[in-house]
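The following pair of complexes shares a single chain, subunit A, combined with subunit B in the former and subunit C in the latter.
Take a look at the complex of A and B:
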């Protein structure tokens, strides 16, 4: 089953989802397609016109181009998602290359999709980590196998 | 390029392994992969089958303390390589650094989860009725006789 992870580049979530037999949907796969395809638009951190047009499927035209460009990449991933695991206190999802509004929109779109969603928090102690991992494992085991 | 995959392997700080040790071990396995040793683990690129095989081998070495995810850029890509960009952290390093600190907690949680699943509650032996033939045999064997 295809499981969307948020933050979409999370090492811990991507690893856990894969470890327990599902396919994580991560942003790196999409970026890889861009950076390994020899095109004029292949330079790394640029979005092309195509992404901006694709982004219009998810946001209005007056939305800042940053959100539209990000949604051009993240939107199709959300469309593929059959389940999602979200980390609530992921401050690092809003960093130099992150976008708080995109994060809100991604969570909103996932909620609209009516798919099974698990919300957890980054652990600070061993006990918290056990609870988090146990929740994720139970959630993934209860999803039907791909 | 579609058949190839790049992966980043991050070793938990509390693991007994170090990136050079893991690198040397994987070199000895003679897999056809492009590998680069980094400060937190390895970056690997190769055909998907070879990467899958590598994942299995790494799982045999230390499955609770080595974590992996797909990486977008090939190892040593000049567009993000620090050597060609004049130093400084590469994009995405801060997030990996943050999650790297949490890996010992996740590893410990995975270990305890596995330990709990392995505990098997021993069933008490079922009570069986001793057949009459066995009782007769025992009586004959030990010479027990009915007192008259």
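Take a look at the complex of A and C:
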């Protein structure tokens, strides 16, 4: 299954999803496409007007442009999601979209999709980290294989 | 009295609550605040799923849930947040979709600054009230007898005379002095219909100048342009049954309405800048040294991609136009870019706020600019229906509706 991970750039979550036979939906892949496309020139991420306009499918025009730009990339990824793993209150180093408003919208849109979603609190101790990983593994094992 | 549920954040702290109440009062409506108790707020936010931080937005969500639980609390919904608040914008738009899915109540949104324009508030609230109060009048599909409709727009004033479901006389002229312009087109429309200027007729008026003209000419119907233009558009394009969307790019602002059986059930009204209006096309045509009527034809021959133009601000848009011409761009490419820029802004500021329903009908004077219609079709990927004499959408709607008033 296509599993959206939140934070959307978490390498640890992406790795876990892949290990258990699913396809992680992460933002890095999209950004890589943009960085390696030669004719786009708006470094470092190469977010262009096209993304901002695409973002309007998910948010209104009066929404700040940074949210629209993020949603131009994240929105189509959410559309593909068949399941999601959400880590609440994650540390920056674990991954982040850099925008609290985008975060609440992403979680809201995932919630609207009526797909299996696992929400786990970011761990503060090693023991909690083990619990978190165990929960994610159980969730992923119970998802039907692609 | 019509009850309009106010679902909002920040109105009291922005000092605009008084203006909202004044606008409601002027149309004989009352703003009501859906009942919520403190305990239900947290639960409502959790159920809704948008984890906002601002307590006032949490209250807004709870009020929306309250309306869904008991729609009899109000006849219509007016949803407002502060302009430039990201969290407010996210909440408002998520709630709009949610409410439209869960209730049948007509709904309109607005983003306010510390100085909201009373006219803008008034038109929106008036349209809400009309949809609620005059549903049976709005259901009228045939024009009967002899009636006159006047649409006093910001750029042009239009008049039509109708007899037994046909337009028998029409005229339009630039709006200068509001009353004199209306008198002029009325006289010409009557003359075109073969009727004397002093003919005693039933009359409906709409548009910006409707109140002034309506009271001076003793009109039988004075109604805002959102519902009237919708009605005219559905009538003129023979799409009075089923769903439709009406786009009216006006001289100063734009309106987009969704219809069910010819009756609007949702609408948005733009007007952030003249860059998204017919006025921008007029300025562009003037700079190109052609009549605005020729701009659309010229645009059909051009390629908008060759000229970068952003008419989000009309002044900057014209700067782009002047720079493009100075660089040697072709007039047709500049004309195409001007049309595309207006269409793009209408799309970005309005069309994505509404669930488009096909067919899409375009009315208003700008529908006579084929380059604009083509640009809109290309952005939406949908064929747009333009009725004959689209500039008379409002006037025809007024003439049609007034025939239902005995």
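Definition applied: the second predicted complex is superposed on the first by the 135 of 146 C-alpha atoms of A that agree within 3 Å, B and C clash if a C-alpha of one lies under 4 Å from a C-alpha of the other, contacts with A are read in each partner's own complex, and residues count from 1 in each chain.
The rule is simple: a residue touches a chain if its C-beta (ideal position, glycine included) is under 8 Å from a C-beta of that chain, and two chains touch if they have at least 3 such contacts.
Quick caveat, the model's predicted, so the values are computed rather than measured.
On the superposed subunit A, the two partners subunit B and subunit C both fit, without a clash. When the shared chain is aligned, subunit C comes close enough to touch A:107, but subunit B does not. In the overlay built on the shared chain, the residue A:3 is in contact with neither subunit B nor subunit C. Centred on subunit A, the angle reaching out to subunit B and subunit C in the chain A superposition, using CA centres, is 170 degrees in steps of 10. In the overlay built on the shared chain, the residue A:126 is in contact with subunit B alone; subunit C does not reach it. Once the two structures are overlaid, the count of subunit A residues touched is higher for B than for its counterpart among subunit B and subunit C.
Of the two partner chains, subunit C is the only one that A:53 touches; subunit B does not reach it. Contacts of A:140 after superposition: neither subunit B nor subunit C is touched.
In the superposition on chain A, contact of A:64 is made with subunit C only, not with subunit B. Judged by the touch definition given at the top, the superposed model places A:92 against subunit B, while subunit C stays out of reach.
Here's the short version: in the overlay, subunit B gets within 23 Å of subunit C at its closest Cα pair.
Across the superposed pair, subunit B and subunit C touch subunit A at no common residue. Every residue of subunit A that touches subunit C in the complex is listed here, in rising order: 53, 56-57, 59-64, 67, 100-101, 104-105, 107-108, 111-112. Of all the residues in subunit B, the ones that touch subunit A in their complex are 1, 4, 6, 8, 10, 67-74, 77, 79-80, 91-92, 94-96, 98-99, 102-103, 105-106, 108-110, 112-113. The touching residues of subunit A, when paired with subunit B in their complex, are 7, 9-12, 14-16, 18, 24, 26-29, 31-32, 34-37, 43-45, 92, 95-97, 122-123, 125-126, 128-130, 132-134, 137.
Subunit C meets subunit A in the complex at residues 48-53, 83-84, 86-87, 89-90, 92-94, 111, 348-349, 352-353.
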